[in-house]
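Listed below are the structures to be examined.
Look at the two complexes coming up: chain A is in both, with chain B in one and chain C in the other.
Here is the complex of A and B:
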């Protein structure tokens, strides 16, 4: 018994060390880049934790493994007026923290993300670029931080990609669209394939062992599936109706759990900590809930029985209609915020090395920071492991509660 | 990051969340002391409620981070 316990602790420590080393290496290289940048560009940049953290949790167009080694991903880009451009992102020749050294048909890679140079005077085809620099411009009365690519001493403004809402939500419409297979998309496909294989094996087990005890991977999954059925689906939706929604709830749970867990690895993409991903999940859930709502549910939303008409018109109906939209909104934010915050805190702890070490000037500070960063990240990654399970569970539980509310029969 | 009003917002969010989680923890301890045999149920419900409260605090934290 004691031996097993020791083994568990050892495995956890190994896992966490792997993570810390992965993140720290990332930072180290950033530091090297900063030094190189200081000499070449004479443009000094302090270690900006907020910027660094957001760059680390963001989606990217190449998978960074270590040092200058990137796994290239296909880039599929469309610019009105120029048309489609497709190539592998290894063509950018990315060095130093995901900054590409080449521009291809106006596209450049900065911090692992593709941007486009909107300036039409810029030549098409492959062009060597000297580096990137930052600046501020005035737009709509607000100061906005922008980035430039430097070619032959001239600065070219980088365009952000058009957001999926077509720029309606304040993102603005820009000169190109990005349909690339990104790091997050690849991670998601990987998890999908893995789970397809895993659950095919489980399903085959049920065909083979009908009426018998489960075997193999089937016995690993059965307690989890039963837990979701007995603790989530049946209490919230009810004995009679839960079977219709059970597959959807199980898919939600295992998909979120798998992505949460794979997000703990330094190389893999952070998918559940991405706004657009959780938004799609929440929208699918909301559509399913509202389309399966019965007469009783809509009566409670639009015209609550047993309440004076004045109250209905003034308070209840508006609030209930708002509630239809607020429910998926909180689902989206809760999952996104929990996972993203965990990753930001991890980057912040590793950033202690560079804050105490004054970007390589103080060795003692860096060593002290490393010890602190190691212990704090150890703690944080253990918490993150718990959060991965709890958030998958909470999302499923709330979805089940919404299904239950939408399909409840009248009982008064 | 220093000197911006969003830092105050982040601090307030953390205060709110920690008061909530502290209350949950203290009540759970009371409940466990009163009924030690129900420790499993109480613990899992405690973690679930704490996750829900923490979610609210984290939402404001992330928003203040992004909308700085």
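Here is the complex of A and C:
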């Protein structure tokens, strides 16, 4: 028992130190790039922790492994009026900090993310670009930070991909849409394949060990599956009906857990801390819940029995209808906020190295920052591991509670 | 606040591309892993639990049966003991009855024998008495004859004797 404990601690320490090294490497590389940028663009850029943290949790069109090494990903882009464009992002010839040196059919890569030059005077096909620069423009009475691609001494404004927030969160409709297999999408695919293989192995284990005690990966997963069944599905949905929703609950739990855990690795994508992902999960859950709703559920939502009509019309029915939408909204927000915040805090702790070292000018500060960052990151990563399990569990638990409410039989 | 909405940062914004892939991959995950993983696993777990429950129930039933048998055996034993006691009692009673009957019978028989013996003795005695009486009568007559013969040698004597007899008879 003591030996296993020691092994766990060792694994955790190794895991955490790899994480710190990974981030530190990225940070160093980033910082080196800043200097290069200074020289190339003669543009003053300081180490900006907020930007660094946000860039780390952002999605990207290439997987940054270390230094200048990027794994290219397929780009699937659509620009109204021009049509679909598909290619591998290695075509951008990105080296320093994921900034591409080429523009492909108006598309460029900056910070590992594809942008589009909206200016129609820009030529199609492959075009060499000199670099990127930043600027500020006035838009709807607000100052907005924008980026430009520099080609032949001329600045071309870069569009960001279209988002569905209608400008409320700084996005909106632009000149193109990005359906690429991004870092996040590839991470999802990876988790999908990994868990497909894992659970097939577990199911085969049951077939092979029929009438015997479970073994290997089967005995690793069985307590988790039984936990979800006996502590989540059955208590909330009931012995009779849980079976219909059990695979969905397990899918939610393991998909979220897998993505949470894989997101702890520096090179993998942050998926569960991405609004788009949690939104899709919450919408699917809400649709499934409400389409499973029986007469009793809708009666409780629309016309609560045993309450005076005035109260129903004025308070209960509006509140209940609002609740139908608030429930998935909280699901979406909770998972996203917890994971994104965890990642941001972690990057912030690692960023201490550069803040204390004044962007590499002070070696002593960098060493002190490293020691502090190591200890704080160690703590934070341990907390993040816990959060990975807790958030997957909470999402599943609440989904089970909603299914339970939607399928509950009348008991008046 | 401006910092959060830096260009290139899109985690806060719903992107159609990411949403599309999230939808596709989650639905695929749900379908594939449920079909090849969760459903079979759930079924195996249920059948296993059912078989364990069945085995437990059966063991309980078997134990109850054994318990039942034991109590039945005990009941049978108790019954047998009771029956034995009854039989023994009956036998004892019978024995006593037989003995008493035999005693009664023996007594009766003895009485009968005694009675018949008495009767025999009586009849023998009577016969003997009768015989003795006969013998004594004859003897007395003989003796009396001889005496008379001797005493009644003379007529006078004879006459007085007869007279005496007649007198006696008259008196009678």
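One rule holds in what follows: the second predicted complex is superposed on the first by the 404 of 412 C-alpha atoms of A that agree within 3 Å, B and C clash if a C-alpha of one lies under 4 Å from a C-alpha of the other, contacts with A are read in each partner's own complex, and residues count from 1 in each chain.
Everything that follows uses one rule, which is that contacts are C-beta pairs under 8 Å (C-beta built on N, C-alpha and C of every residue); 3 or more make two chains touch, one makes a residue touch a chain.
All values reported here derive from a predicted model rather than from experimental measurement.
Colleague: In the overlaid three-chain picture, which partner chain does A:340 touch, first (chain B) or second (chain C), both, or neither?
Modeller: Touch status of A:340: both partners.
Colleague: Looking at A:50 after the superposition, I want to know if it touches chain B, chain C, both of them or none. Which is it: first, second, both, neither?
Modeller: The answer is both, since A:50 touches chain B and chain C.
Colleague: Looking only at chain A, is it chain B or chain C that touches more of its residues?
Modeller: C
Colleague: Give one of first, second, both or neither to describe whether A:85 is in contact with chain B, with chain C, with both, or with none.
Modeller: Neither partner.
Colleague: Examine A:391 and indicate which partner it touches, taking first as chain B and second as chain C; both and neither are also allowed.
Modeller: So A:391 only meets chain B here.
Colleague: First (chain B), second (chain C), both or neither: which does A:192 touch?
Modeller: Second partner only, chain C.
Colleague: Identify the residues of chain A that lie in both the chain B contact region and the chain C contact region.
Modeller: Chain A residues touching both partners: 50, 54, 340.
Colleague: Hey, which residues of chain A end up touching chain B in the complex?
Modeller: Where chain A meets chain B, its residues are 49-50, 54, 330, 333-334, 336-338, 340-341, 344, 386-387, 390-391, 393-394, 397.
Colleague: Which chain A residues qualify as touching chain C in the complex?
Modeller: Residues of chain A touching chain C: 50-51, 54-55, 57-59, 76, 110-111, 113, 115, 134, 143-147, 158, 160-165, 169-171, 177-182, 184-185, 188-189, 191-192, 195-196, 198-200, 202-203, 206-207, 210-211, 221-222, 225-226, 229, 243, 246-248, 250-251, 254-255, 270-271, 273-277, 279-281, 284, 340.
Colleague: Using the touch definition from the top, list the residues of chain B that touch chain A in their complex.
Modeller: 1, 47-48, 51-52, 54-55, 58-59, 61-62, 65-66, 68
Colleague: Help me check something: in the complex, which residues belonging to chain C touch chain A?
Modeller: So the residues of chain C touching chain A come out as 2-23, 25-30, 32-34, 36-42, 44-45, 48, 51.
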